């Protein structure tokens, strides 16, 4: 097996909660708590999970838009977590990001041309003329026209804006694109356009994606492998077919069953899980899902399950499958 | 070529012609009637400021003591002041100085306030604590003392009055910008700018600054009036227009003794200031919208 | 409105008390007159304390005060005062020779700036070389003898000044530093209350030694800093008497049947000083040219509203020794130009013209007057730039000789010519009150001689000569002797504004 | 919360220290010598030298500064050079006068300004909206002295319904214990006097309130316009709530927070910067106290006066911050 | 089903926005009705006028610039557009209640849950005491499945999770037993598991309280799972209407078809998603022809020049497409079918 393009080990992000006279740290929001995974070159890793489970935080830490509290990120053989912040800034040429809200992520006062040219300027690529040309080329590549260049973001539709966001991510010829909920803000019909575009670009430019979303349908469509997060932890990660056909973690099962299917005749067995997601500042002991889990065992409240491979290409962190399975 | 060729309908949503940003701004500015009226007023005063010396019926400093404090008449439309000078002519000449004072002192404090406010808001932590506390000090500090200090360092002059007023107003704008920056910096497009590897300086001035100016424009246009009046109030410190220059604020201040006996000495300069501020204000509101591409539908 | 009152005139009243509210520009600093220098303090203490001798009602002639008689010796070195008998301080202690001695002892034992006027009028404190007073002794209960080291011509005038009001020795000994907050004198009014920066209340001294006085039951001195606002307050009846009326408002007061206008006899001079160490003002022709260039009459008409006299000498005419023979420089731009040409400045020159930032009694609107002067100077080819500074800065800089030409003025302390000519123009006072750095040895000799000349006529002769020298050298452009305005309710009687600015209110009454 | 207050109070120390230092340096850097000013134009050189020595002004600046700081630590604010009274003793009546006036002015400014802003926003683009905006503009472009004198003329002289100067009727003075006349008269049960005191507050209060009123009105308006578009206002209307309550209950509470900030900023002006108003209405306030101290270069009074005002200003802003958290349960300071 | 009485009828509704750039007809001649106790879904792309329709019913169209320029809205026999302010306030919350898209922002952050719930009660229940109102509020909170109802009354919205807040919104809407509940994208902002909870709750309440629900969404999955009938909107118009089964099994309008095809289905992996090319036209920018013509793969000449009517293609199925012009069931046939 070839070395993966990106390897993440034991990534953690604790946001301090400050208190008191001298702003002493009194606790932590464990936004991401010991997450490890890898992404191979040319593949798409989907990450799903409910709001607030730490998906974005993970994504941002990969680019060091947030400094990890702990853990290692190795990209293309380089350990990103240990280089200087200026080197990191330069390294961002190779890792780019596409954001959830295409409108919010474009400066409303800049023209599209300026928005697209900026990454090139920042990384000192080309001269004014070649930069302009590149901007226009990429506008075409994402299905827009060069005459759009002088317009402002608000003059585009949601789908077009997301294309601009993707074009910007592509400007510096990155190897890895982290897409943080790139289609969640879009309509179904527009969403389809963007998903198709992303797939086409991947083939053409041999891109690697980390695709963060909460819509399991979308993730299934685009991902080769899928990781499921719950409360700052990766609870299951598997090849996409395996995960959807045979979800192992009770949370994954519940999640899959909760997704409404556009077919009035489809009758599914809904696992309605009770209650809300607990607060990451005060996560439940043991398995963090035990408060909502229909299969809770005693051990779940005490021991944190480890993410273990239970079949080839399928890992899960649940006591139902580990050594405590029979208890 | 991948993706979809945009069908013509793809661009139906945007019928407006492609145009430069200034053209765009101008177009939407024109749409607001209020803003155009405001711009008209400001333009009027600017023109007056430029061609004043040619259109004023009389010189600015033609003293005629026997003819002092004449009520408005056919010869002197706005009456004469306590030196027998024609008030209309002085107001016309004064436009240049007063606009200069009002406008540039505000610009000065906006620039300094913006820089401090942005740095405080963006970097937060101790930088913010220090700058904010400096603002606290400046706010609680009597402006007279500050002005006296300015004279003693820089000497008396109109420019230095401008500087003094600018300094006095820095914390007002600084605070305003800071609070705006606090929310802007959480915007996704700032994160996205960082994500493409952008340097802080560029983020600050190319992205955060233009997006946090709206409240400042509104506040700034109001501040023009206060600046003109303050400039006159600092006159006794030697800060202000050099006599006998016809500065509106000073004309107003000089009218104090004749408030009841010769009210025209106060009414006309007062109206001039008010109209200017009205103009700047209306224009400011329009400008704020015009410079924001989003306001154009 | 004010108190309607039966006018039986003997101070008895059968209804409401008679209260006079006197509106003025500022608050007092302290009510111990010996320690202060500001006019607003004297305005109050003048009515609480009395001096051995008094100025005249509206002039600076010497009249009896606490001393009913006095006798200078031939050589002018000994003065014997015979005191009024039976006077008591407000605290009930007796006023007598002992008390007078105690007061002078207190002052003479001061140091530094403790008793500023004492040291400046009498040449320092005990032990100082310049100290004029050799001794003050009581001769019996009601006789006090002053021995001087050398004759001092204005000695009696000095004694009449407010700072030398006689205080109760018991009170100042007990109170110490706090005496300024609880003044005790023999005057027609007793101190009641002081609300800082707001009002000072004094009330009738029922045991006042002069019969039937005072007529008022209470006087409240109220600080209203703004001149226009003060006049407004007079109009609404919140105050009865307003100090510091803008000349511009004089007419409207006169036209108002409910009000009356008072003019304070002038004892001041407003002038434009020419710093004679700074070229080209070192040339006498230039100074004379400027004197000719300025239209003083126009200035007086416009900004003093005619309520001032055009000045030709550095002191006002009411002061004895005034030389009326001096012609003064007439307004003559042509002559000014000629003089400039003579000085080699036919093309004119550029200069700074310093204008005072605040209105003063001798100069109601410095800025405006400066503008007129500027325009006058422009007519003879001199380009003047008007400069101003905050008041304290202005004084300091002018004193340092940093100004080319500066506007300033002076109000006399004791109505003596020495208090103008020597103080303002003698070379001894360069760096002090001689802001124009004018120095003339001949003048110096005359002024020194006059200081100890006891013979009034001879003395006046000397001052006459002095004024001639000054006229020729033209270190200033004397501008005006203003008559500061006051306004009062129409039914106010017996108010006589005093040229020194400290008014005695004992005889004031409401009709 | 208590922790937060504690922290803010701790932060206060460097602010005030910085303040004293800046003030100290500035007043010594500017020309004008206290000895000279105290003694007046007439003073002789020797007298000035003597006074300087007595006041300790001939010491090096750092000696003077540390002397002053040392005094402060012992709670000694120094002694006025002019009146030789301790500043701590002298300043209270001025503070009380200012406090009474500022409070009154703030009340007027807030009540009128906030309501005008609300109504303008409620009836956006109506004649009321336009009129209020024009009046606000007129308000800010009017010199205080003009406004003050005009009000005296109209209400005092022409109509004769309001007193124009001071805090009390001088012929009928108030026997004051606290120097807060409103409080005093109430404590003494002298309601006739209370009326007089309140009457005296009206004109200076209005003059002082004008500019803050204009700014508050504009601020409230724009803040209200934002809030009125919010979802929860729509929710309230969807319940069938009356528009009045929608505006005054749901919208106002949300709109008031940015307005509070402005009020806090304006307090600085009201406290220390009301010199013009205080002069025109002969109000014995702290603004004039410090202003005169500046004129007379009364160093200890300038230093300590500004210090006290700054302290109060910072405290007011702290109070406003606490008010935020009372209004908005989401704001928690810890 | 057809025996159920129409409780809310929208007839020829037209709502426009009068902006500086001209008049935008956001809702253009819409007809539909909601029957007692049914769940009617409205779907369509963003900006097609779903929210404006619901706001028009509530009389809450932001005005200016918005205005109802034509048509009628009948609640029972009350003409809502003609009511006075006061009468309309009586309808709001009482007869017709609404819950909004954003549970995070639709509750006033500065008032307690209890305060806001009781307010809703006290507005309409004249003469109720605070105590009664409070009891009722607690009852409603319990009804929507919120634990610790008593404590919740004293808490502020920010102390609740999104799902809880949306439940509070539902409780608030139902507090006066409205006949119609309009839910404008009630779950878009929520997580899937929470969304499932809320939808189940709404269905349950609909069945138990017999409240008619007008459910607005763009999530076809949600529609499929919850609604009985569906109205599909496109660019301010209704393009298709019918029972949920029919629409999903046999969509007629090309837009509906495209919409259904572009949804990724979690149950299997499509190689490539279908996507409708282009965007929704700006309202008011298409004046002639079918509004969907520019994006329609079946468009022919007529489509570009004439706007099709809403053809009744079956008793309960209508389509606005010329392709189905011929299949229109005549009025005569219709009565036949119905009987």
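Should a chain be cited, it is by its letter among A, B, C, D and E, assigned in written order, with residues numbered from 1 in that chain.
Just so it is clear, contacts are C-beta pairs under 8 Å (C-beta built on N, C-alpha and C of every residue); 3 or more make two chains touch, one makes a residue touch a chain.
Predicted model only: the values in this text are computed from it and were never measured.
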* Structure fact -> In contact with subunit C and subunit D alike are the chains B
* Which one of the chains is farthest from subunit E, going by Cα centres? -> C
* Taking CA centroids for every chain, report which one is farthest away from subunit A. => C
* Asked: At what distance in angstrom does the C-alpha mean of subunit E lie from that of subunit C?
  -> 89
* Round to the nearest whole Å and give the separation of the Cα centres of subunit B and subunit E. => 49
* To do: Could you please state the distance in Å, as a whole number, between where the Cα atoms of subunit D are centred and where those of subunit E are centred?
  => 54
* Structure fact -> Flagged in subunit C as touching 2+ other chains are 228, 389-391, 393
* What are the residue numbers in subunit D that touch two or more other chains? -> 30-31, 145, 149, 153
* Residue numbers of subunit A (touch at least two other chains) -> 157, 160, 193, 196
* To do: Could you pull out which subunit A residues touch subunit B in their complex?
  => 60, 63, 65, 89-93, 96-97, 99-101, 104-111, 118-119, 122-123, 140-145, 147-148, 150-157, 160, 163, 165, 168, 171-172, 193, 196-197, 200-201, 204
* **Residue ranges of subunit C touching subunit D (in the complex, touch as defined)** => 19, 21, 23, 26, 29-30, 37-38, 111-113, 116, 119-120, 177, 180-181, 193, 195-199, 201, 220, 222-226, 228-230, 232-233, 235-236, 238-239, 389-393, 395-397, 399, 408, 410, 413, 423, 429, 431-433
* Sort out for me which residues of subunit A touch subunit E in the complex. => 50-51, 157-160, 187-193, 195-196, 199, 214-218, 220-221, 240-241, 244, 254-266, 270, 272-273, 276-277
* Can you list the residues on subunit E that touch subunit D in the complex? -> 58, 60, 62, 64, 85, 89-94, 97-98, 100, 102, 105-111, 119-120, 123-124, 156, 158-159, 169, 172
* Structure fact -> Per the touch rule, the subunit C residues reaching subunit B in their complex are 227-228, 246, 248-249, 251-252, 298, 301-303, 355, 357-358, 365, 367-368, 370-372, 374-375, 385-391, 393
